[in-house]
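These notes open a run of structures that come right after.
In the two assemblies presented below, chain A is common to both, partnered first by chain B and then by chain C.
And now, the complex of A and B:
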C-alpha cells in the first residue's frame, strides 16, 4: 500500500491517473456516444426498438434513404453556402479588424476587447436580436438599406426563400467574428516588429509587406482559424431555431439542423444518426488539417 | 570627399522625453563611423532616424545630398543590419538575400546570380537552401550582412550587430565587417555600446551621452585627448583612474589626495592651488623602484593574465595599474609608479570637462 502511495507521489503512478481520468472522460462522454451514433446509422430504429442496443441491422439503407430524400440536395447546397459564406465572412472581416486593431491608436486594445461581447453571447440571444434586425416589416436593416437607396421594397430576410439562408449566414458571421479576430490578433502580435522594419528597408510597401511577411508568417494561425471556423459553423445550431427554423420549405435548412429535426421532431433516429455520421466525416477532415497546421508552426 | 550622410540640428522627442538634442553630424562617403555610448544615450534612435524607422522632430537629414525628412525608409536606399538579424524565418537564405531584388523587379536568374556572388563573399554558398532556424548565430549574422550587401545601398547601418555572438566570434566578425567595408568602399554607420568595437573598427568615433554628442574624432584622438571625464572613462580598457588632486604652488605639479603620494609633474602650467580631478590611464602608469618613482602606492590585489598584470591599489579611491612586464609585486607591497607628464589628464571637478 505504502509502495503504491509512494509511486503516486513520485509521479510514476500519478501521471497515469491523470491520463486515465482524461481518457475515461473522453470515452464516456465523446467516444461511446460517437460509436453508438455510428452503430445506430446502420440499424433499423423505431419506437419499439428505441430502448435496445442491438437492433435489426439495416446495412446502408439509412444512407440510401437520406441521399434520396427530396430535401437532401437542397440541404447540401444550403450547408455549403452556410459553411463557406460564414467562414469567408468571419475570416475576411475578422482579419481586417485584427489588422485594424494591430495599428497603434488610443484605445485599440480596449475596443478590441469589447468585440468579445458577440462571442460571449448565447447563440439563441444572438438569434433573437438578429431576428428583430432582419425583420421584414420593422427591421433595422431594411430601414437602413432603404434610407441609403439600396433597396426599394423591404426584403423579408427570414421568409423569402432567396434570402433565408443568408439571414442565418449574416447572424453567424457576426457571432463568429470576434473569435476569428482574436485568434488572428494573437498571430499578428507574434510576428516580430523588426521583420517589418527590415522589409521596409528592403523596399517593400505596405501591400508587399502584408503579402510577403504577414501572410506567410500567419500560415499556421490561418490554418487553425479556418479549421476551427469550419467545425464551429458545422456545429452551429442555436441560430436556426431562433431565426428561420430551417424554413421556409427547407430553404435555410442545413445538415446539423436537419439531423436534429430527423431525430427529435420526426423521431427518425436512424436517419438523424446517419446525417450526423456524414457530418462527422467532414469535421474529422477539418480536425486533421487543424492538428497538422498547429504542429507545423514556424517561429523565429 | 563629400558628406554621404549629413545631419544638422536633429531633435527627437518621445512625448516629454528628449531623445536627441540638437545633434549635428557629417558622415563622409566611404567612412566607417561608430556611434558609441551607454544604453539610453540615443545612439540607436539616431541610427533609426537615419534609416527612417523613427521620425525626427526637427532638423535636417540629408543622404547623398537629398533631404530625407519624411521620406519613407524604402525610398532612402540604405540597408540595415539588425541586432536580432531580423531574417525572414519563412524564407531560405537565398530568398532572404534576394528579397529586396525581387521587390525591385530584378529577374530571377539575375537575382540568383547576385545571391551566389554575395554568398561567396560572405561564406554562405553551402547554406543557400537552408532556413534561418537551421543556421548558427554567426551564420545568421552573415545572412543579415549579405542581405544588406546585395543591394549596394548608399549607406550601411549596423545596430549592435555583434552583441548576440560569443566573444571569440565577435572578435572575428569585427575584422570581417571592417574588411568587407573596405572592399565595397561603402559608407557605414555602426552603433555599439562596446568601445573596443568602436575603437577597432571605426575611422571616426562619435561618443554620445543623454542625446548629445559628447565628442567625436578619430579613435586615437578620443583616447589621447578626451574632452570630458565621461569620454575619458568610456574610452580605454581598463578604465581610466580618476583621483582628486590640487595644483602645486608652482603650477607645474599636481598633488594627489591619496595616501603616500608625491606630486606629479605636469606638461602645461596650471593655476596654482586649483582643485582638479586627475585622470591616469592604467597602461600609462609604469612600475619602478619606489625611491625613483613619483607615486608610491600600496597594493591590494594582483591579477595576472600571463601577458599582463593588473595591480589594484588599496588607496581611496582605488587605482588600477597595468604592467606588461613580468612583475613580482604581491598584495601588501608598496610599488613605485611613474607617468609621463603629457599623459596626465586634468578635469574640472565641477563641470567634469578637460582642463
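And now, the complex of A and C:
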C-alpha cells in the first residue's frame, strides 16, 4: 500500500493518474457515446424503448430507410457543396490574406489580429448577423451588390432554393477565414528569408518565387489547414438553425443538421444515430488525412 | 528597392480589408441603434439617422438576458474548470514521454477532437436520459461540452509543456523535490501563460455553446444566452433591431476581452502551439 502511494506521489503512478483521469473522462463522454451510437443505429428506438439498453434489433433497416429517404441525395449533394465550397473559400481567401499580411508595413500584426475576432464569435450570433445581412428584401448585401451593378433584382438568399446553401457557405467562409489565415501565417513565417533573397538574385519573379519556394515549403501546413478545414466544416452546426433551418424544402440541409432534426425534431433517434454513424465514417477519413499531415509534429 | 510610400500604401489596403471583413460586426451595432421603421428603409442607411440606445435596456429586460447570460457564465466556467483540471495533467504527461503508447494516446485524442457535436448529441442525450442526468441539465451540458473542448486544449497545452526545458524539472528532482512538488512548483508556473491563454479560449468558445444546450436543456430558466437568442431567430424573423441588440450585449464582453488580450492570445497560439 505504501509503495503504491509513494509511486503516486513520486513515480510513474503520478503520470498514470494525470493521464488516466483525462482518458477515463474522455472515454466515458466521447468514446462510449460513439459505440452507443453505432449500437443504436442497428436497433429500433422509439419513445417506449428510449430508456432501455437492449432494444429489438433492426439489422440494416435504419440504413436502408435513410438511404431511401427522398431527401437523402439532396442532403448528400448539399453536404458536399457546403464542405468543398467553404473550404475552398476559406483557404483561398485565407492564403491571400496571409500572404498580404506577411509584407512589411506598419501595424501589420495588429490589423491581422483584428481579423481573428470572428474566431471567438459564437456561431449562432454570426448566423444571426449574416441572416440579417443576407435578408432578401431589406438585406444590406443586396443593396451593395445592386449599387455595384452586379445584380439587377434582389436575391432571396435564404428562401430561394438555388441560393439557400450558398447563404450558409458565405457565413461559414467568414467564420472560418481568420483561423485559416492564422495557421497559414504561422507557416509563412517559418520559411527562411534568405531563400527568397537567393531566388531574387537569380532573377526569379514574384510568381516564380511563390511557385517554387512558398508552395513547396508550405506543403505540410497546407495539408494540416485543409484537413482542419474539412473537420471544422463538418462540425459546423450553429449557422444552420440561425440562417435557414435547412430549408426551404431541405435545399440547404446538410448531414449534421439532418441528423439533429431526426433525433430532436422527429424524435426518431435510431435514424439520427444512423446518419451520425455515416457522417462519422466521413470524418474518420478526413482525420486520417489530418493525422498523416501532422505526423512529423506528433513524432516530434 | 523599397520606396518610402509603399508601406503606407499597404497599410491603407490593410485597413480597407479589415473594414470589409469587420463590416458584419459594424452592421450589428448600427442596426441595434436604429428605430423599428428605419431598419426597413430602402436603401438602408449606413449610419442611423437618430441613434437610439434605449433598445438595449428594453431587450435586456424583455428577453430576461440576466438569467440567460448567468447560465452561459455558469456553463462556460464549469467547462473551463473541468477542461483545465483534467486536460493540463494529461497534456503534461503526453509532452513528457515519447513512446508508441504516447503516440497512440495522442492519436486517440486527435480522433475525439474531430467528432462533430451533431454526431455526439444523439447518443449523449439518450445515454444521459438513461442514467437520469437530464434532471441536472446544466451539469449534463457541462460534461458533454467539456469532453468536446478538452482534446483541443490538450493538444495546445502539450505544445506549451514541450517548450519548458526538461533540465529545470530534472534539477528540481535532484534537489529532492518529489514529482508532485516539481510539477506544481517548477513546471506549472513556467507553463502558466500558455495554459491561461488556452483556458481563456476554452471559456470563450463554451460561452457560445449552442447545440448541446438546445438539445438537453428544456427549462427556459436554465438555458444559456445562445438558446435564448435562437428563441426569436429563424428564417422569418423580422425583429432585427432587437436581435442585433441582443447579439451585441452577448458578444461585446467576449470581443472586449479578446481585443485586450489579442496580442497575447495570438502569440501564445503561434509560438509552438500551431506549428
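In this section, the second predicted complex is superposed on the first by the 290 of 300 C-alpha atoms of A that agree within 3 Å, B and C clash if a C-alpha of one lies under 4 Å from a C-alpha of the other, contacts with A are read in each partner's own complex, and residues count from 1 in each chain.
The rule we apply is simple: a residue touches a chain if its C-beta (ideal position, glycine included) is under 8 Å from a C-beta of that chain, and two chains touch if they have at least 3 such contacts.
No experiment lies behind these values; they were computed from the predicted model shown.
Q: Does the chain A-based superposition show chain B and chain C clashing or fitting?
A: fit
Q: Contacts for A:287 in the overlay, against chain B (first) and chain C (second): which applies, first, second, both or neither?
A: second
Q: From the overlay on chain A, compute the angle at chain A's CA centre subtended by chain B and chain C, rounding to the nearest 10 degrees.
A: 80
Q: Kindly classify A:161 by the partners it touches after superposition: chain B alone (first), chain C alone (second), both, or neither?
A: So A:161 meets neither chain B nor chain C here.
Q: Would you sort A:56 into first (chain B), second (chain C), both or neither based on which partner it touches?
A: After superposition on chain A, A:56 lies in contact with neither partner.
Q: Can A:204 be said to touch chain B (first), chain C (second), both, or neither?
A: The answer is first: A:204 touches chain B but not chain C.
Q: State whether A:26 touches chain B only (first), chain C only (second), both chains, or neither.
A: In the superposed model, A:26 contacts chain C only, not chain B.
Q: Counting residues of chain A in contact, which comes out ahead: chain B or chain C?
A: Ranking chain B and chain C by residues of chain A touched puts C first.
Q: Which partner does A:212 reach: the first (chain B), the second (chain C), both, or neither?
A: Once the two structures are laid over each other on A, A:212 reaches chain B alone.
Q: Superposed on chain A, how close does chain B come to chain C by Cα atoms? Whole Å, please.
A: So the smallest C-alpha gap separating chain B from chain C comes to 5 Å.
Q: For chain A, which residues belong to both interfaces, chain B and chain C?
A: In chain A, residues 298-300 are touched by chain B and also by chain C.
Q: So in the complex, the part of chain B that touches chain A is made up of which residues?
A: 51-53, 72-74, 76, 78-80, 82, 84, 86, 88-90, 99-100, 103-104, 132-133, 147, 151
Q: Can you name the residues of chain C that touch chain A in the complex?
A: Residues in contact with chain A: 6-8, 10-11, 13-15, 17-18, 21-22, 24-25, 27-28, 31, 39-44, 82, 86-87, 89-90, 92-94, 96-98, 103, 105-127, 129-130, 143-144, 146-148, 150-151, 154, 162, 178-180, 183, 201, 204-205, 207-211, 214-215, 226, 229-230, 233-235, 237, 240, 243-244, 247, 250-251, 254-255, 258-259, 262-263, 265-266, 269-270, 274-275.
Q: Can you tell me which positions in chain A touch chain C when the two form their complex?
A: 9-11, 14-15, 17-19, 21-23, 25-26, 29-34, 36-37, 40, 45, 50-53, 97, 100-101, 103-111, 113-118, 120-133, 135, 137-138, 140, 143, 147, 158-159, 174, 177, 182-183, 185-186, 189-190, 231, 234-235, 237-238, 241-245, 247-248, 256-257, 259-260, 263-264, 269, 272-273, 276, 279-280, 283-284, 286-287, 290-291, 294, 297-300
Q: Applying the document's contact rule, which stretches of chain A touch chain B when the two form their complex?
A: Touch residues, chain A against chain B: 192, 194-195, 197-205, 208, 212-213, 216-217, 219, 298-300.
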